Structure formats: structure tokens, C-alpha cells
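Lettered A, B, C, D and E in written order, each chain numbered from 1.
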Amino acid sequence: MLSTHELTIRFGGHVAVNGVTCSFEPGTLTAIVGPNGAGKTTYFNLISGQLRASAGRVLLNGRDLSGLSASQRTRAGLGRAFQLTNLFPRLSVLENVRLAVQATREGPHRRGLSLWSIWSDHHALTERAREILREVALHEKQDELVSNLPHGDQRKLEVALLIALEPQVFMFDEPTAGMNAAEAPVILDLIRRLKADRSKTILLVEHKMDVVRELADRIIVLHNGTLVADGAPAEVIALPVVQEAYLGTAAVAQEESA
Amino acid sequence: MFIRLLSNDLPRNRLLAVVLAAIVLALAFTPFIFPGVKALNVAAKVLVFIVLVASFDLLLGYTGIVSFAHTMFFGIGAYGVAIASTRMGAGWGSLAVGMACALALSFVLALAIGLFSLRVRAIFFSMITLAFAAAFQTLASQLSEFTGGEDGLSFKVPAWLSPSFEPFEAPFLGVTIDGRLICYWLLFVAAAVLFLLMLRIVNSPFGRVLQAIRENEFRAEAIGYRVVVYRTVSSILSALFATLAGALLALWLRYNGPDTSLSFEIMLDVLLIVVIGGMGTLYGAVIGSALFLVAQSYLQDLLRLASESVSGLPALAALLSPDRWLLWLGLLFVLSVYYFPTGVVGRLRALSARRAVLPSKDHNGAPAVQASTR
Amino acid sequence: QSGEVRIAHVYSRTGPLEAYGKQTQTGLMLGLEFATNGTMAVNGKKLTVIEKDDQGKPDLGKSLLATAYSDDKADLAIGPTSSGVALALLPVAEEYKKILLVEPAVADAITGDKWNKYIFRTGRNSTQDAVSNAVSLDQPNVHIATLAQDYAFGRDGVKAFKDALGKAKIVHEEYLPPTTTDFTAGLQRIIDRLKDQPGRKVIWVVWAGSNSPFARLGDLDLKKRFNIEVSTGGNILPAMAAYSQFPGMEGASYYYYKFPKNAANDWLVKEHQRRFNSPPDFFTAGGFSAAMAVVEALKKTNGDANTNKLIAAMEGMTFETPKGPMTFRKEDHQAMQSMYHFRVAPDIKPGQPIELELVRELKPADMKVPVRNKGA
Amino acid sequence: MKSLDVDWKPLALVPVLSLVVLPFIGSGSTWLTLTVAGLAMGMIIFIIASGLTLVFGLMDVLNFGHGVFIALGAFVATTVLGAMGDYTASGSLWVNLVAVFPAMLAAMAVAGALGLVFERFIVRPVYGNHLKQILITMGGLIIGEELIKVIWGPLQIPLPLPEGMRGSILLGDAAVEKYRVIAVVVGLVVFGSLLWTLTRTKIGLLIRAGVQDREMVESLGYRIRNLFIGVFVVGSALAGLGGVMWGLYQQNVVPQMGAQVNVLIFIVLIIGGLGSTTGALVGALLVGLVANYTGFLVPKAALFSNIALMMAILLWRPQGVYALSR
Amino acid sequence: MTTDLLTLSGVHTHIGAYHILHGVDLRVPRGQLTLLLGRNGAGKTTTLRTIMGLWRASAGRITLAGRDIGALDTPRIAGLGVAYVPENMGIFADLSVKENMLLAARSAQRLAQIDGDRLQWIFKLFPAVEKFWNHPAGKLSGGQKQMLAVARAIVEPRDLLIVDEPSKGLAPAIINNMIEAFGQLKASGVTILLVEQNFNFARRLGDTVAVMDNGRVVHAGAMKDLAEDEQLQRSLLGLAL
């Protein structure tokens, strides 16, 4: 189980995430919503270790991760896909995934610190990487350079890397942004399948409310860095604060209260 | 077997393979094919530079670290052998001691630099190493007690490797085998072994992680690799190989001084060779070194011919004067960046890969990937 | 035996010492021409000069000299320009058992502890430089502060200078980084030490390079303010332009074209002026001397370029040069030669072309130059 | 407003440093001599470094060829001043200026013109790629240096200081060279005009934006090409001016002088925080002062004073005193 | 009677060796909002970039207010009164939000010269712009950057506004503001060319619509015809919206 306790970060005077305490059970998909700049991505960054919290703790299965670096947290079981794609552009699609698979391996070739073995001999890694590419329907492009891929395929690969890491906790940050309606289903199906495996904890940041409604077991709402609502999707969406500040159904959207 | 020796990293282009094979054969049989002291000296220098440039490529091409302090390690290796041989007298023992001390010193310095490199921006780091390399050179000439100062050290090597050693009476294939040639072949074997070792390293899982870090350090960290560790290990490895290259140089020259192994000019040559050969392709080190050093060694002779042929035109003759060979070297710098952005190896491989690489894309060969914050 | 004698000239045709190296080459060719009366042959043997550009790099120099001796079949070699290169070349001459006539590299060690029997030198060594300067300054009640570059060349120079002084007193030694550009601190230390000394007060400068302290020394008006004088050795003409700030300054130099009066120098000055429209300089004279030494030696062996014969001929040999007669000392093969105690024209204005006056010719006998190659 | 907050600490470093060493030096007049000379030296260094800071700070171009423009400026000055012997020989500073001023203008013009060519053929293909910039500008440096040798010859050329600028101003026992006072004035003028252009006009903003996303700047309707050329030309011209100042200071010029000052300039830039004009000034002044103080107090350490200073500053602020904030 | 402010006829564009646009014909009527739809990779972005002169058309003709702009360079085209919000937003990350805005205001040398009322209007639509006024723009959240990108394009009045996918990553409330903003701009006479994936957004704003596929415009007509015709949607866009 993943949980955060009073997680806080300040940038100068600006508190981007403010005392967020929350826990996430395995087998549930929690959607995190909130206005732009509410602190959703920052909250992810704090959990996965890209940013150091000014205060508060992150716990995974009772283990305190707060002092660990991003790479250590990944190895502890936190997996993260990014809002803006963030890949190895001049390596092939297959190698991108293979690197992620290798990162999870233990034993003599542990994380590639072995200088003596030859990379291309690691058939097991390659097989696993191919398997994952098939899952996201990228196997036909495995030899392309990532920099030559269209945007939608890069988003898919981003998700493939996350799967390759085999984490306990999956964090998706707007996985379908910039993907058109015809392509998004591949990713959404994948998330659905992950969800079916009851042992995984899934966190999803998403602005498209139809997607959220369909996938989420639970919604939490961040606003100005604070957790303002938490509950079942239908309830949360109905809350006035969510309606006004986020969905903006009021005739003129309210100014963000500073 | 052969493929395993090359760590499954083949030239991937027929022309490239032929050229590489030709270079290796030419180097192996230089004493028979190209008689004369000059040719042998050039060939020996090529061997040393193959190791030096490849070790720099490990850092630059594979890890994306731009360091100007690489010649520092080269110098340490050369001084190690030179100082030990001067103080302890010629002998295999002093060679071993000198190398061991040099490797140890390089290890410590590279560790420090590796750890330091994480604190500062990439470009900042390169300029700091520039200042450091200059300071180290000053230091070397200041410690004249040990290093012989500006004048450097001339020393003797084990008898087997010195010119006066002639084990066979009769010439072999018209060439008298002497200590000089034995020393040359020692260099050849050492360079080959070191090169294959480096090829192995870049093609190991470790090497792949280095490339990942070069491409996107931020993401490499995010999928669970500790960038600090990899960077540091890579900078240490490359320093150690450079140190060995320095030792080979000293062994060959039986001389070392600040200008010979520490000067910024060598750093520039190394940079240029990496670019000409092709960054991030160890084979580039072989092709680049051979091309560049041969050109450099015979450039003045060529220019002499050229300027004599245009002696009617004083302005042109002044430009083609052998005294102005550096001018042409400078031009080579500029042109190679213009026309060989991916180096000879990159060019050849792109040809056979037939995967059209967009022109706009090969202009972005910058190793210093600026990681975004998200 | 072939019909020619092949002479390799290894020098800095390019690189930091390009300016010096080229003078040597010019001088060498003129010298051969003069010494052979324009025939460029001795005893019917043609003299061929093979040029090698060491670019100021010792390692390259080594390789070039080896190439010259072996691939190019040079009978003997002359050069190089830089001391660092010269020291690296010494073992090569020994390996190939051929003569290396060092000109103009100055390091003492060349004819000192790194010497071998194949090494001769027509150029002056650091000690000769320093001693001649010492002789020109050595008077009772003279207080001297030295200013030198902080590396072997500077320190050796000061040491030799100090050893040669008898009556004058050194009150301070200042060593500054070779690349110093702001001399304020160093000069301030010197001034602080020197200004309250009695008698004649002199700052003796030994400095090589374009970042010279003379501009600063000039601006400080030391003569007027503290009655402190400046003294230094000679240099190439462009570098001596800075001396015009010190009218009346004294020192000792290796060569200045107006000083020596002999046939060789007269011819050299006249021909140089005619062909290059400028007077011959420091290193031109050096190259010229080396040429005369080689021709003289070959004449003695009747054109035989065999190394051992040449060595035998050259040891103790006295030969004419633009600086008058020189003699290769038997023990270390260093050419003993005159130096010139000069004075900058007293009425010169700063910025004007330099003009030197001869105070005294310092003959070899006037200078005690120790032999330092014992044990080599 | 945030942008008005000035970070005073680095600026305070200069006076603080001078005061701290005062007791160690002891003599007041010696201290004064060293301090004034150090500050003035710093100003000269600033002038030669300013063009590079500008080019790096605005265009993110790491120009190793900067030294060529310095050398070129100095060589042009030898030619111009050489032709105006009547004016330089006069003891009057004003008459001297009649010669020096055109020499400066000519040096800046020639260096600027070369900058134009340099930008077109050397720098333009490599915007945005530091490694290639390093390589190609290094090539430019070598070519430039060799061309100078072709034109002016490989020899050192004297560049005597005009008569009226020689000598020192005496303040009690302390001597301040006249030329250094002139350097301070020139340095302040350069600094002032740079700062004004960068903070009071939109040009600075535009160029910085152009480096990050050139297409966007063009889409906003600005012709970035000309601006880039302009900055590069100004940077080169400043280097030319620096060359004149440096040459007059040394009183001679050599073709290698550009390469000789490269490392020094880079150290100044690193201390200042790559690309910051104020930082470069602070860095240059610190380098000037520290060189003099250590040179006086512990001459042995003077060799490494620049590096030590740089390390100390980086320990305090890893990005230099002003990290890219102008 | 509407005239066309912008027209493309038979425009071909090559990127490197690739032939991307195969003869695009497009008309953008003055004072209206024209939507450009199409699946990923259809060539929408390429069309916009070609209009801006960022890619050069290899054949065909582009006119703005009757004038051929095919040969003009980007600054010139922008100078004719065109504002552009690129797909990647084109934020100057190292500059503050304020400086980003100042640069977009071409006629203003200093902040004080920007029309204050207009600025207030922008602040109201995109509160993040005001809130982070002095912050480096690179530190903004994804959605905040998107707001800034649009805010920049409208800081001064322009005749033609070209926007590439402004709604991606925006919270629903801000999407409403964006719709509001485009509505007001249109009312003030600005012509808008918009690429948008979010069909709801598109439907509420569009007057005319063009659908692209494979580097060609395969359908052009009034928005309401498309909005009401599910059959047409399915055939053009691959799904009903």
C-alpha cells in the first residue's frame, strides 16, 4: 500500500503541494483531478522522487521512502509515466524497452553493472521486451529510432516502459493527452487490463472527465496544492467545489483564489 | 568466435569493414610494408591514439560528458612510466611500478571529477575541466624535481625494447628485427587488447546504460539507474584507459614532457579525431586516428609540394606555405563539423542502413541532453 | 662515399618559437654560402640541408631527428630552437652515433649532465648568458634584485648569475609565473626591498616571452622615484624595442649586429640588409656560426663526414664566426665565445627604434664558465 | 517587483576582499598600489571578456575563437598607430587620443567585420550545439591566428604606448599607472552601455528567447537572424577593443595572444556565471585583485590563484556568482 | 457577404525527403472561426506551419487578404497581422511570464505600453498568467503553459489567429474560458483558424470546418452540417463524436 503523509513542497513562497495525506490500496484505480497548476504533476514528482519534499513522508508497504532517490524508489516498486514524453530518442524502440526490463533484473547482470557480459546475448531481456511491445501494439516498429516515431506512438512507448518496470504502483500522468479519439483506446484498454490484476495500485491524472468516470474507482481532487475532496467518482464530481473550480459549469469560471 | 571478440558490435557496413581491416593489417605489418623510421613512428602514434581516442569516446560519445581534462590522465600515464624509469632505472619492474602508480592516481582523480561532474551543468563542467587541465600542466612543469619541468624526461626502457637489442642475426623479410620493432609490436598487441576491452564495455549492459544516460539522464534515473554511479564508473574507466595509452606513448618515445602528453593541442586533436571518426562508435577512433595522424604527419610535405606548384602566385603560395599547415588543420576542423556531423563511421553506416535519416536530425548530435524537469 | 654531405636542420619552423627558428635557418644558409664562398661544397662534396620542422614539440623532434639520421641519411644535424626539444634529441644522436650541433637551444644541461660525446654547441648556454650579465654588473656597492620566470630556465639563470657575481650583492630574488601579465605585485615586492638600499640599485631581469615586465618597469618611473636601474640581457630586435624606455640601461648580449667587427659579420650585415632589407638578428648570427663550424670541421677532415673523424676534428677546434673566433671546449664541446656588454643609447626616446652602444667586448677569458658534464 | 531585487553579495565581495587583506599587507601605500592596479587589471580583463559573455549569455554560443578577435584588434592597432606616429609621440594625452581613438574604432570595425564572416561561416551551422561550437570555433581560432601570421608575419610587433599615457600618477608612495586609469574609464563605458542595452531594451530579451525557440520568435514577427548577427558583430567588436587595450598594456602583440588569454577569460566567465555581464565584471575584478594580493603575499601560490579563486566561488555558488541573470 | 482572409490552393509541402502535404485547398473566411480537423498525422500542424512560413510550400499558392505570402519569411507574415500558437506552445522557458508577454506585444518596448484593459481581460480569462507574472515560464504546469501560449497570441489585436490544439492538458473550467475568449475575439472581428481534437470544444465555436486526411483537405463545409451528420463524422474522422 502506498501512502503519503502531510506531503508538502514549497517553491519559494509558493506552496505547490500542501500537506497531502492520502493512501492508495492495491487493486484500485484512483484518479487525481484538479485545475491546471493544482499540483497533480508535482504530487507525482514528490512520490516518485523527482522532487524532494519540503516536509512529509512517502510510505510504500510501511517502508519510508522519503530519503531515497528517484532510482531507488523505482527499484522499490514505484513506476511512473510522464506527462510530456520523456524517452531515449536516439535508441531504437526495442532498446528503450529493453533498458527498462534490464533495470528490474537482479542477479549477476544486475542493472548492467556487469562490464563483461555482452548486451546482445541477453535473450531473456529481449524476449520480455518484445512481449511488452506487442501489448502496446508497437512490435512492428521495434527497430525504429524513437525520434522518428509520431507523437501517439511515443505516448504508447512511454506506457510500455512503465509496464516493463513491473512496478507495484503505476502512476499515469495524462496518458492520452494529444492523442486523438481513435488512438486513445489502446492505452485505456491497457490500463483496464492492469486494473484487472488486483495486486496493482494505479494512480491516474486525467482531465478528460469521461475517461475518469469510466475508469476510476475513486477520485481525489487537488486544488491549490491541497486535497479538497476524496471519494467515489459520482459523489466527488457532484461536489460544488469541483463543479465550480474545476469543471466550470458555472457560467463564467471562477478566478483561482490565490 | 571473431564476432564474440568484437562483442557482437560489427562494423555494419562492408566498406567500413574493409577499411578497418586494411588499417589493422597495415598497422600490424608496418615494418615490412612501409620501411623507415618515420612511418614506424607514425604507426606507433596511431596505435597510441586509437586507445586514447577510444577512451575519450567512452566518455564523450557514450556517456555524453565533455571533458577537457582527458589529456591529464594521458599525461599521468606517460609521467608514471617516465618518472619510474628515470628514478628506478630501466627495467620491467619500474614500468610496472610506474603504471600502477599512474593508474592509482588517475583512479582517485577520476573519481573526484566524476563525483564533481554531477554538481554542475554540462557546459560548465567542460570549462572547469579546461581550467583544470591548464593548472595541471602548470603543476607538472613546476614539479621539475620529479617531472623534469618544461624540458621533460628522457629515459631508458628495458633492454628488450631498446634499439640496440638485436636478437636475430639475419634480417627477416628484409627487415632487421630489433628492440624497436619488438616495442612496436608490444604496442600493437596492447592497443588491440585495450580496444577490444573497450568494445566489450560499450556493448555490455553497462554500456547500454551509459548510452541511455547520454540520451536522457533524467529518464535513466527514473527507470531505476543511479546516474551518479554510472557516470563515475565511466569516467574512471575512460581515465584508466587514457592512462594506459599515456604509458604506451612514453614507452615508445622514451621521453615525456608537458607538451608531449599534457598540452591542450593534444586534447584538440583527440576531439577532432572523435568527430572525424564518428562519436559513439569506437570504430571511429580507429579510422579517425589513422586518417588524422597520417594527414597531420604528411601535411607539411604535401603543402610543400602544393606551394611549389603555385609559386607563381605569391598570395596563394603564402597560404599554401608548409609553415601555415595549421591553417589547413583549422580548416579541417571546420569542414569536418560541416560535412561529417556523424563522422566517417556514421556516414558509412547511414549509407548501408538505408533508413533515411532526416537532415535536420543529424545536426542534433549533441551529447549534452538537457533533461526536462518533468 | 657519396658526393654530398647531408645536414639536417631540425628547428621550429612553426610553433611558439617560429620567429627564432626562422632566423636560425636564414643564418645557417647564409653561413654556408659565406664559408664555402658560394659554392655550397667542401672538397668537392655538396652540402645539402634537409629542413625539419619540430614545431617546438620534443616528441616530434625526436622522431624527425631519427628520420633524418636514418631515412634521410643525414651525416650530421643542427638545431633545435627550444631547449626542451634539444634535451629530448640528445639520446637520439647517441643512438644513431651521429653529431648533433646544438644551436640555439640554451639549457645548461645540454652540455651539462645530459651531454654525450656526439653533442656540440655553437649557441651560448644559460651560464654564459648569466655570467656575461654578471660581469657587466659586478661592481662593489651594487645591490641587485632579480626578476625571473618561475620555472627551470628562470631559476637556473638566476643561479648562474649569482654564482658569477663577486662584488655586487643580491638582495632579493623574485620569481613570477611564466604567464604573468600583471607585474604589480612582484615589482612592488622588489621595490619594497630595494628602495632603501645604499649605492647603485639594479633590477636584473631574465624573461622570455611576449608578456615581458619592461612596459611596467618603464611606467613606474623607478629611476626618477627611487634611483633604481633596470638591467637585462639581449634579445631579438623586436623584443628589444621595449628597451627604449630605459635610456642608458646596461646589460650583456649574445649578439647585436653593430658590435662585432670582422669579415664574416660585415658580409652578414651587408647581405642580410640587401636580401631582406633588415639587419641580421640574434639567431641569424647563431645559425651563421653553426654553418661556419660545420664547414670548418669538414675542411679539416677533407670533406669526410664520418662521425668519429668529425668529432676528432671538432674537439678543441677554433673557427671564425660573425662574433669573432669561437672554440669548442674539449671537455663538454661548448663553444667558448665573446659576449657584449652593451648600453642602450642614452638619448633614446621611448617608442623609438632601439639603438645599442658597445661598452666592452667580453672575451671568453673574461668569463669563468664552469664545465658541468662530469660524470656524464 | 522581483526583477528589481539586486543580489548584492557578489558585488560586496570586491570591497570586502580588499579590506580583508589590508592588515596582511601592512603598508597602506603598497595596499593602494596593489588594489588600484588589480582593479584596473580587472577592468582590462573585463573588456576582453565582455564580448564573449555577451555572445554566450545571449546566444548560448561558446566561442573559443574569441581570442582571434582580440588578436586582430591589437594587430589593427599596430598598423593604425604605426601610421600616426606624430600623434602618439606627443606628450599630451588629448593629442594621443586623436590617434588611439581611431585605432580603437578601426580595430572594432575590422574585428566586427570579421565577426560577420565568422558568424556566417563558422557559427551559424552550430547554434544550439555546444560541442560542435567548441570544435568549429576552435578551428576558427586556428585559422584566424594563421591568417594573422600570413598578413602581419609570425613575429612579435611592438605596440608602444603613446607618450602621454606613459608613466604613473603618484599618490604619496603609491604609484598608479596612467594607462590603468584610462582602462578603468573605458571599462566602465563598456559595462554601462552593455548593461543599459540588456536591461533597458527589448533586444536582450529577444535574443535570449531566440536561443530557446527561434521559430517562435520569428512567429512573433521579429527577424532574429539580423539580431544574432548584430550581437555577434558587437561581441567581436568588443573583443577587438579589448585587443587594443591589451596590446597597449603589453606594449607588444603576438599572433598567439588570443589563445593565450582564452583560459583566463573562461575562468572569469565561470566565476561570473556564464553569460552574466555584471558577473563577468565581478569575476574580472576578483581575478585582478586576487592575482595581485597573492602575488604579493604568497608569490608561490600566484600560479594557481585563478583556479583557487574559481573553486572557492564555485563551492559558494556552483553556477557562478550570477547564474545567467544578467 | 464574407470574403476569404486566407486561402490555400494546391499547396504541397516536403519535409526533407518526405512529401507531407499533397495539394491542400483551404479557405478561411474573414471574421469567422474555421476549424481544421483530422486524425493524428493527417497534416494539420504541417498546414499551419506552412502558412506561417516555417515550412516552405514546394508548390501551390497561399494568399492573405488577397496578397501572395508564399514567398515571404515568417517574421514578415507575422508582421502582416498573424498570431500563431504552435502545437508545442513555444514558451520561452527561461524568461518570466511577463517577459514572454512583453515579447509578444510587438509594438511595446516596455510593459507600460501594453494596453492595460486588454491585459486585465487576459488575466481574467487565464488567471495563471497573472498569478505567475514574475515566475520563469518554464516552471509553469502543463496547462498553465498552454494558457500562457494563448494569452501571448492575443496580447495585441491581430487580424488572424492561428492556434494548434489549445485545449490539450487543460482543465474543463479553463477550456470554458478558452471558448469564451475565442468567442469574444471573433466578436471583435478577428479571424481564427483552429486545429482541435476536442470535438465538443470544436462544435461550440466553429463556423466552418475542414477535415484533412493524408495531406489533403477531404471535406469542407459549415460546422453545423458536420455536427448533425453522424454518418459524415464516421466516414471522415473514423468515429462518431
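Worth a mention:
FYI, contacts are C-beta pairs under 8 Å (C-beta built on N, C-alpha and C of every residue); 3 or more make two chains touch, one makes a residue touch a chain.
Just so you know, these numbers come straight off a predicted model, no measurement behind them.
With steps allowed only between chains in touch, the distance from subunit A over to subunit C comes to 2. Separation of subunit D from subunit E in touch steps, taking the shortest path, is 1. One finds 49 Å separating the Cα centroids of subunit A and subunit D. Look at where the CA atoms of subunit C average out and do the same for subunit D: the two points lie 36 Å apart. Inter-chain centre distance (subunit C to subunit E, centres taken as mean C-alpha positions): 77 Å. Residue positions of subunit D with contacts to 2 or more other chains are 149, 154, 303. Shared interface positions of subunit B, i.e. residues touching 2 or more other chains, are given as 138, 142, 323-324, 326, 358, 373-374. Residue positions of subunit A touching 2 or more other chains, listed in rising order: 41, 83-84. By the touch rule above, subunit D contacts subunit B in their complex via residues 62, 121-122, 125-126, 128-132, 134-136, 138-147, 149-150, 154, 263, 266-267, 269-270, 274, 303-304, 306-307, 310, 314, 318-320. Of all residues in subunit D, only 27, 30, 33-34, 37-38, 41, 88-89, 149, 154-158, 160-161, 163, 166-168, 170, 175, 177-179, 249-254, 256-257, 260, 288, 291-296, 299-300, 302-303 touch subunit C in the complex they form. For subunit E in complex with subunit D, the touching residues are 52, 54, 73-75, 78-79, 84, 86, 90-96, 99-100, 102-104, 106, 109, 134, 152. By the touch rule above, subunit E contacts subunit A in their complex via residues 39-41, 124, 127-128, 131, 135, 139-144, 146-147, 165, 168-177, 180, 197, 199, 237-239, 241.
Contact residues of subunit C toward subunit B in the complex are 13-14, 18, 53, 56-59, 62-63, 66-67, 70-71, 83-84, 87-88, 90-91, 95, 107, 109, 114, 150-153, 177.
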